[in-house]
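In what follows, structures are represented as structure tokens.
Same chain, two partners: chain A is paired with chain B first, then with chain C.
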Partner chain A sequence: MAWIETILNGLMLGGLYALFGLGLSLIFGVMRIANIAHGELVIAGAFLAFTVTGAVPIHPFILLPVVVLVMFGVGYALQAGLVNHVLGTDPLRPLLLTFGLSIVVQNLLVELFGADNRALDPGPLRTASLDLGPLSLGVLPLGTFLVALALFGALHWALAHTGWGRMVRATSDDPEIVALMGVDRRRVFASVMGLSAALAAIAGMLLAMRTSITPFSGTERLLIAFEVIVIGGLGSIWASLLGGLALGVVHALGFRLDPASGLLYGHLLLLVILLARPEGLAGKRKVR
Partner chain B sequence: MSREHAGWAGFALILAALALVPFLAGRGALSLGIEILVIIALAQAWNLLAGYGGLLSLGHHGFVGLGGYALFTVTRDLPVSPYLMVPLAALITATLALALAPILFRLRDVYFAVGMWVAAEIIRILIMRWEFTGAASGMPLYAARGLDRAWMGPITFWLALAVAGGITLTVALMVRGTFGLRLRALRDDETAARSIGVGPWRVRLIVFLVSAAGAGAAGAVSFLSNLFITPMAAFDIGWTVTVIFVTVIGGIGRLHGPVLGALVYFALREWLAFSAGWSLVALGVTAMAVMLFAPGGLAGLADRLLRRFSRPETAP
Partner chain C sequence: MAERLLHIEALDAFHGDFQALFGISLSLAPGETLALIGANGAGKTSLLRAICGLTEARGGLLLNGRDLAPLPTPERACTGIAMAPEGRRLFPSLSVAENLMMGARIARPGPWNMQSVCALFPILAEFAERPAGLLSGGQQQMVAIGRALMANPALLLLDEVSLGLAPVVVDELHAALASLRGQMAIILVEQDMRRALAASDRFVCLLEGRLVMQGASNGADTAALARAYFGED
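Let's look at the complex of A and B:
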């Protein structure tokens, strides 16, 4: 039973990991660029919530929509003001630009808030658990997992059934042709970056309710987000969910078998996937 | 004298002048000098792979740590001079890089960058868990007992100079001639390069191994001057962050880039010494501005200025 509990906890942790990866894979899928500042967007969302809850006693859940809106704006402005200007044939330019941004954000957070550990207090939810016969599951991890699932579902629906989604998919397939049809791809890119930042911020708030974070926590989350999309593969957003769940289960089992291992077994899983199935668990095989 | 000859003569003169530094500088200035040379060497190694080879690595701190640990473990257990161990540490690092190549070379672009990062993380965790390397608490340089203290600073400085000069020379020679042409052809358009018969993997593997060796030598010299090594310091991602900044600001894919960038980096760091955080913010903003307005960095700007002044001669 204890093993089943470990696996279930791993799956729930994996839901959060998948959410880290979702925003990154969206950007990569649509613009073919890697956003190195993605981890800092996750952490910035949490720090935005710290700032408000520090000033007014308000439950983090009520704050969530506000943080999401603000971070959407931040992401939109980031793309429109900076990243759109370095898109082109050289993939190193956007990568190095967001690399610079990640160090700027990280150190601004340190200078403004200090390097102490901080967490969001979700109230009695933090310790509440659900007893299902012999199994006991934390309400907060379960809630996090369900939120992640709901966001994947909502994004799938939006991409498949809305005008915006059609535009995003078309831009991802061929930005040149889309531009001929009168779509301003820069605005499409900006909306996608906004959405990615909003998803990152939700993930950051959920993370800060589970565990305490510092301004430096973004680096590790970026690595996890990358591992999620490499393990899952590119091609659909559901690949990221699968990648996140696989990584979560491996981390949970790793901690149980070998508590001092840190993220070692997740890294090894990545290597195994790269050797055995480079296109990822659910990725489409590239035709060369 | 042609421009090329002038370049070689200038390079030799600068090296000769720098070799005199230990006779003139105090202890503090000498260790700052070693630090600058280590960063130049590491940035040249990173720039060879990323700027000329098109393979951006987020995991060069893995090679720095491997080079450092190679020096510390071998000189503890075998009667080898730590000074002689610097080139051997480069060789050991390149050999381990060769073992990683079959996995990493399945990856391109962002995937390669992340693969390198993950590889460095795995090496760090393994070293942290290994009693042989002193686990998480690291180890001192045991072999330092057999060394003459008075000469350690100067000799380490000369080694750092040799490593920085050596890797700069290696990169300069590699990017000239047919090898350099193949390398740039692959970076700019792989399909076109393949179609005219350039074998991508051999060229990239050579560049990868040279880059790993350079980073390993830089790590060996750096921790030789520290006299102590820990996994946290040796495998700090800060190494990679610093050399990316240095190379980007100085000029990625240009030979002078890492040198110019290192000078800017250390000037900014000393100037904003009151706060590590603000100096990193300043570096980040500078790097972003370079990517937005001058992707060639300072070396690119300098080239443009020189061309403007010498236009009458070079105009067709």
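Let's look at the complex of A and C:
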């Protein structure tokens, strides 16, 4: 029974991992760039919440919509003001720009907040648990998992059934030709980066309710986000969910087997996927 | 002088350092169909792309008297220009209906909508929910033309309509295009000279980026046109 509980906890953790990967996957899918600053956007969202909860005693969940809106604006401005200007045929330029951005954001956070560990206080939710017979599940991990599922579902719905989603998919297919339909791809990219930053901020707040973080925690989350989209496979947001759940379960099992090197098992899973199924668990196999 | 919808004056176009067009001048009346004729690399596609703003160009470019030069492609599209580009360039992950809806984003008032496009190409109604990338070449060309029509354009640019398609499909497409004549101004790029002349009011022949011959399509001297096409004196 303990193993089942471990797997369930891994799935809950995987929901959060999937959320780390969701924004990164969205950016890559639409713009074909790897946003190296994605981890810092995750952490910046949490630090924005620290700032507000430090000044006003308010529950983090109530604060969530405000952080989402602010981080959407930050993402939009980053894309419109910086990243759009380096997009083109050379993928190295946005890669280097976002790498530089990640260092700037990291140092800015250290300058403003110091390098100490911080966490958001979710109140009684931190220790609350659901007893399901012989199984016990934490309410916060379960809530995180459900929030992640809801966000995946909402994004899928928005992409599939709204005019904005149609425009995003068309821009992803052919960013030159959408201009003939009056679409300014730079605005589409900015809205997508804004959404990615908002999703990253939600993931950051949920992370900071589970564990303490520092301004340097973004690097590890970026690595997890990359592992999620490689393990799941590119081309679909649901692949990121699958990748996140797989990585979460492997981490949970790894920590149970060997608490000193649980993360190592996640990296091993990545290695196995790259060797055996480079298109990812949900990716389409290329026919030769 | 006849009313002019499009007026191009001494237009040069560039692909990076390579100059694709040299001093092209021509004009087009509302409802007129102009065939662009020329061998591969003559500059036909470059001219259409320059009109849309997809290729860098210098020179006079007016639509209904409005200077298009300072406008980026999305804003030019809003002035009433629509294009079915070479190679169709559909959005493969979108369904046929969604591709058509993309064309209607900046629709001007006019007769073209989902129903009228599907009346022109009935197969599109049958495949409305199918991903556009799964259609045959001919069906994709119908979607590309339908997508452009959905904008109710004043100027329709059709690039290589019949390229790579079976003759029976080309016949079907040209029958549909014949029904469009007079409804809007059309610039048609077509490799088949005979079809191009039959489908147009006037023709322009390009050779290595320069305009070398133009005239009325009806009764055109095809022997002279063939010489101009191949650059023979």
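The rule we apply is simple: the second predicted complex is superposed on the first by the 284 of 288 C-alpha atoms of A that agree within 3 Å, B and C clash if a C-alpha of one lies under 4 Å from a C-alpha of the other, contacts with A are read in each partner's own complex, and residues count from 1 in each chain.
Everything below uses one rule, namely that contacts are C-beta pairs under 8 Å (C-beta built on N, C-alpha and C of every residue); 3 or more make two chains touch, one makes a residue touch a chain.
Everything numeric in this text was worked out from a predicted model, so none of it was measured.
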Q: Quick one: on chain A, after the overlay, do chain B and chain C clash, or do they fit? Just give me the call.
A: fit
Q: Figure out whether A:Ile62 sits in contact with chain B (first) or chain C (second), or with both, or with neither.
A: neither
Q. With the two structures laid over each other on chain A, which partner does A:His85 touch: chain B (first), chain C (second), both, or neither?
A. first
Q.
Touch test for A:Asp184: chain B only (first), chain C only (second), both, or neither?
A. second
Q. First (chain B), second (chain C), both or neither: which does A:Ile4 touch?
A. neither
Q) So, does A:Arg93 touch the first partner chain B, the second partner chain C, both, or neither? A) first
Q. Which of the two partners, first being chain B and second being chain C, lies in contact with A:Glu227: first, second, both, or neither?
A. first
Q. With the two structures laid over each other on chain A, which partner does A:Glu111 touch: chain B (first), chain C (second), both, or neither?
A. first
Q | chain A: partner with more touched residues, chain B or chain C | A | B
(Q) Just checking: does A:Ala170 make contact with chain B only, chain C only, both, or neither of them? Give me first, second, both or neither. (A) second
**Q.** Centroid geometry (CA): angle chain B/chain A/chain C, rounded to a multiple of 10 degrees
**A.** 90
Q: Pick out the closest CA atoms of chain B and chain C after fitting on chain A and give their distance in Å.
A: 16
Q: Please name which positions on chain B make contact with chain A in the complex.
A: 50, 54, 56, 103, 106-107, 109-111, 113-115, 117-118, 121-122, 125-126, 129, 237, 241, 244-245, 248, 252, 275, 277-278, 280-281, 283-288, 291-292, 295
Q: Name, in rising order, each residue of chain A that touches chain C in their complex.
A: 163, 166-167, 169-170, 172-174, 176-184
Q: Give every residue of chain C touching chain A within the complex, in rising order.
A: 52-54, 72-75, 77-78, 82-83, 85, 89, 91-94, 98, 101-103, 105-106, 147-148, 151
Q. In their shared complex, at which residues does chain A touch chain B?
A. 28, 34, 82, 85-86, 90-93, 95-97, 99-104, 106-108, 110-111, 219, 223, 226-227, 230, 260-264, 267-268, 270-271, 274-275, 278
